[in-house]
Amino acid sequence: MTAGSSVKYSVSVIGASGYSGAELTRLLLKHPTVMLDELYAFSQAGKKVSELYPSLSTDKVYQQYSGQTASDIYFLALPHGEALALVPDLRKAGKTVIDLSGDFRLKSTAEHELFYKQNKASDAVMTYGMPELFRKEIEQAHAISNPGCFATSIILGLAPLFLGGGAAGAVNAVNCTSVSGISGAGRSSKTELSFSEMSENVRAYKVGVHQHTPEIMQSLGSSATDPAFDFTFTPMIGSLVRGIYSVLNVRLDRPADGEKIQALYREFYRNAPFVRVREAMTEVRHVAHTNYCDIHLAHASASGSMVIVTAIDNLLKGAAGQAVQNMNIMLGLDETAGLL
Amino acid sequence: MTAGSSVKYSVSVIGASGYSGAELTRLLLKHPTVMLDELYAFSQAGKKVSELYPSLSTDKVYQQYSGQTASDIYFLALPHGEALALVPDLRKAGKTVIDLSGDFRLKSTAEHELFYKQNKASDAVMTYGMPELFRKEIEQAHAISNPGCFATSIILGLAPLFLGGGAAGAVNAVNCTSVSGISGAGRSSKTELSFSEMSENVRAYKVGVHQHTPEIMQSLGSSATDPAFDFTFTPMIGSLVRGIYSVLNVRLDRPADGEKIQALYREFYRNAPFVRVREAMTEVRHVAHTNYCDIHLAHASASGSMVIVTAIDNLLKGAAGQAVQNMNIMLGLDETAGLL
Amino acid sequence: MTAGSSVKYSVSVIGASGYSGAELTRLLLKHPTVMLDELYAFSQAGKKVSELYPSLSTDKVYQQYSGQTASDIYFLALPHGEALALVPDLRKAGKTVIDLSGDFRLKSTAEHELFYKQNKASDAVMTYGMPELFRKEIEQAHAISNPGCFATSIILGLAPLFLGGGAAGAVNAVNCTSVSGISGAGRSSKTELSFSEMSENVRAYKVGVHQHTPEIMQSLGSSATDPAFDFTFTPMIGSLVRGIYSVLNVRLDRPADGEKIQALYREFYRNAPFVRVREAMTEVRHVAHTNYCDIHLAHASASGSMVIVTAIDNLLKGAAGQAVQNMNIMLGLDETAGLL
Amino acid sequence: MTAGSSVKYSVSVIGASGYSGAELTRLLLKHPTVMLDELYAFSQAGKKVSELYPSLSTDKVYQQYSGQTASDIYFLALPHGEALALVPDLRKAGKTVIDLSGDFRLKSTAEHELFYKQNKASDAVMTYGMPELFRKEIEQAHAISNPGCFATSIILGLAPLFLGGGAAGAVNAVNCTSVSGISGAGRSSKTELSFSEMSENVRAYKVGVHQHTPEIMQSLGSSATDPAFDFTFTPMIGSLVRGIYSVLNVRLDRPADGEKIQALYREFYRNAPFVRVREAMTEVRHVAHTNYCDIHLAHASASGSMVIVTAIDNLLKGAAGQAVQNMNIMLGLDETAGLL
């Protein structure tokens, strides 16, 4: 697909009433090149968008989705499992599709089944939409599976070590500990996510079994799937709405040379407008309400131990922002259009 | 009822699994004179208390309530309307009862019906358990209706003006604006009370129609029910779990003399161990996790305008703490037993 | 000053390193018609903007201000008192000036002295930059005094009653109780504003003496300065960073007719793109990170009592957003340019 | 020192005006066996305790410390470095001393110098007051160095593996990632700890160089000081006041057998009233305002990877609570006196 800056595309969102859908709505409403068409939302159909999200400036009303294909581009922001049935018809109709769920991320159906507790067809895989790793494939793609929020914060923090030519040495072990904002759990009515339960709190969950794990492994290449490879991921939620802060403990097979590793990271991301390799410590507030992923090498020791810290906004670089970034690349637009 | 310090009473809580019930549990477990017997909770029956509230040090298991009367004293911390059916049998069995709901607070069945949308018998009224106003009645009572949380913070802030002999002048108008912690809404699974919706937020609700309004009027005496009397109450919830902060705008029929009014308040509460008339500004953190009500006269002008600010912990002085304070008085114990 | 959409103006900010200055920076960087020139900041001069505010996408470095006048437009976001000395020279050099401090807001030097504890020249007054009330004056102005944050939330909530032709009746009394986000206190190192002191807290301050009081009176016209008029303002801070939520208790001289009053408000703001008169309750989250002021009539009674609730983002409609809105109007641009 | 339950000791606190000092004050005021004597605080001397901490029920006034030794027991809650000069005289006067700083924790003066940037005498070491590991030594001691907050949460989570007889296998690597409440930074006026900076935020600091590191190593025994041993500690602060949540990634030299490891932990802590080995996930709210340390084995894999999660209240089990627990043991009292 090619495009000039004056060309307009029509875009619709299926599953628009959740938090990622609302961020997509906000971004698409002010995007310079696309025109927001329909917002589909099952349980909220018939309600005004501004009733649910008064901060959004629009008169649109949520619609019921029943197979419409009038727009050029469809974003899907549905609960896991629900996109599997909708995407094939959209693809058959020649539509550009960007799916934010986990339904089309994993090449291995066995891993999908294990982590999502759900069957899927072996060809239900789409181009993995992480521009910093797969920009060329995304440029050619018509269907994108948008990465998970934790996965984005972890893959971007590790990719130079795994995919950057081995300049830093081989990685023997990785332990990831991530704190996520509670919006990552979606627009929820669970008691355990109520303000009274989550204010002044931190809680881990799904330790070692989180569904973003295989997606991380897959993106980092075959060395990561080696049974000898020690990878553990501990997701947590804390007292914040937006943001993911990941602490990545890495063990190299040789002394960690901080300067060389920083240079490797800068080189790896030199053309990535949304990744910032920072010399100062990063924190969630630095990236909240932005599409940036900040990366900081916090520790590098002669024993081979390293600590890399990354920060993203889970709803932007971890969801809606990255989805629009993918759309921009697919349409041949400036990668940052509507995102700065 | 009379008691010496070595006498032990057995106490049970019906509706023990909500936030007020949990605070009652905590207070009663460490109370020096009573022994906590059973904890009844309908939907949670069979679960360990420490499973729901791991901060509570007890091996007790929530039980199903089906008319048991083995304890000396029963606290009821049920949703509004549910105590109406249980209290009569407990009273017939000679039990001491302290009810934390609104079911037995209002003398006027018309007002009860209007504000609670619920009928009740005209004799369904129990002694209003605000020790600072009705200590003598509470000493003689066997059944107490414990005040509402907002009502406590407002009545204590206004009582000296209405019930203190008119030393400050007649009150022409009162506007109350209160911020409550979200625990006041109970252990909830409503989306609108989720962390993602309530962090960094403030929201008013039930403006002018909150059910604590008639309880406030009733406690302040007949002058308050005059149709010419201008009383408005705006409850809000903010980004905090515990606490109520009430700003009381009062208009007197004469210039407000700050020193005289402070003296009036100090005199009125000179025997009240849990009310502190403070010269410095008060704030929620000063009273959180305590049974205190702090009162500060923040403004007094020649035009007759006054601003009184009060702060309580909604779960303690606004619920469980005041309930135990009432129990102490009924049992002839030190009013502060188990509360400091 | 007249302008077409392709004309570019250069803009600088003096006092750019505080929270309002940072929001101005963010808005001006992405404004379609102006070009951000210099960012002046006294104590931070020499530091990169992105070091202090990594969420801002710019390579600019804070400069020391020493009388430069190379830009077309100057925003001043300085502590109260500091703009008094700088504005005259900027005006003499023919620059367009928008000052966010209180230095040039009050016509009465006596009131300025009383509330700001500071002298100023009697001609140190500039057009009061509240577009919804003074759009015509702003269109003609070259120097604007941008309203205070509390003042904005209160004036917009009351203006239709005072300046809307008296359709609702005369106002006898107003009591305002406002909760502000802590960013209103600026980028601060005070212990009392630390996270450990302000999490889960609410605290009133400057009750009856806040410096925004005379600015509110002045904007609402002479009736408000009548000694018989009962006006009280209680500012509070709560556990949120951004936002102001104002509860306005109004007493009319006749029964309050809710429908008529809503119609009055809608008519008064029918050309105001950033004021939304809402039928549903408003809350801070509805306006956070936007330039909107939401207004909701929450209560209207036969006794003449009314409760009006307003919500703004203190850093946007209460500071930087309104300043850019004023600039747009002065330049003849679309009032919403760069603000949606 | 031996004691019966009716014996009373007098206790003073030096450095009583910080957050740990305030918690000590609260605990000692209601302790059944000791009498709180003086509260010393340098910069706050002369102020009422209730002025700084209105939630504390006391009429005491902070005093200036100038060598007084009238009490039986002295707690020191001073900034690091300040206890070094005071403790020797207190010890010479035969006083029981419990120091909450890091001044007397490390046996290695080289490590002390490296991590605290400060010299100290080689005999400036006192019994390390972690009752679960060194109860016998504490019973005999007259001077205790109370553990650091992070150190407590990490040592208790690892001790059974290192000191429990090797039942689970040898530990090859440990990576610790801990989120602390901001009160851990003390009563502070730093901009970076203000509410506006820390709400909705997470930030790592002192990665790999935190001063609690050598204390952890020392407590876990010599195997931990082996240069081949891979230990990394990443401290973070998040948007909460109280609590530490530690995620401990452990790599064993053999498959991790979850059941065996749980049994090992239960056995190791069978006599520890404040350590709870929990089958359910733990979270900060479970231990806030208590002296408990909760431990949960969250993951154990055939590859030898384990994830252990611990939670404490940093001001109680991580400071003042553990200090009182140590005092109880030294005095021969019930270890839990005044702490439940």
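Going by the order they are written in, the chains are A, B, C and D; count residues from 1 in each one.
In the analysis below, a contact is a pair of C-beta atoms (placed from the backbone, for glycine too) under 8 Å apart; a residue touches a chain by one contact, two chains touch by 3 or more.
Model, not experiment: these values are computed from the prediction.
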item	value
Between the pairs B-C and A-B, the one where more C-beta pairs touch	B-C
Chain separated most widely from chain D, comparing mean CA positions	C
Pair in A-D, B-D or A-B that repeats C-D, with over half of contact pairs matching by residue number	A-B
Whole-Å gap between the CA centroids of chain A and chain C	37
Chain B-chain C separation of Cα centroids, rounded to whole Å	39
Mean-CA-position distance for chain B and chain A (Å)	47
Chain A: positions in contact with at least two other chains	181, 197, 199-200, 239-241, 285, 288
In the complex with chain C, residue positions of chain B that touch it	173, 175, 177, 179, 181, 197, 199-205, 207-208, 227-228, 230, 232, 234, 236, 238-243, 245, 247, 249, 251, 281, 283-285, 288, 298-299, 301, 303-305, 307, 309, 311
Chain B residues touching chain A - in the complex, by the definition given at the top	19, 181-183, 185, 187-191, 193-200, 239-241
Footprint of chain A on chain C - complex, ascending	30, 51, 54-55, 57, 199-200, 276, 278, 280, 282, 285-290, 292, 294, 340
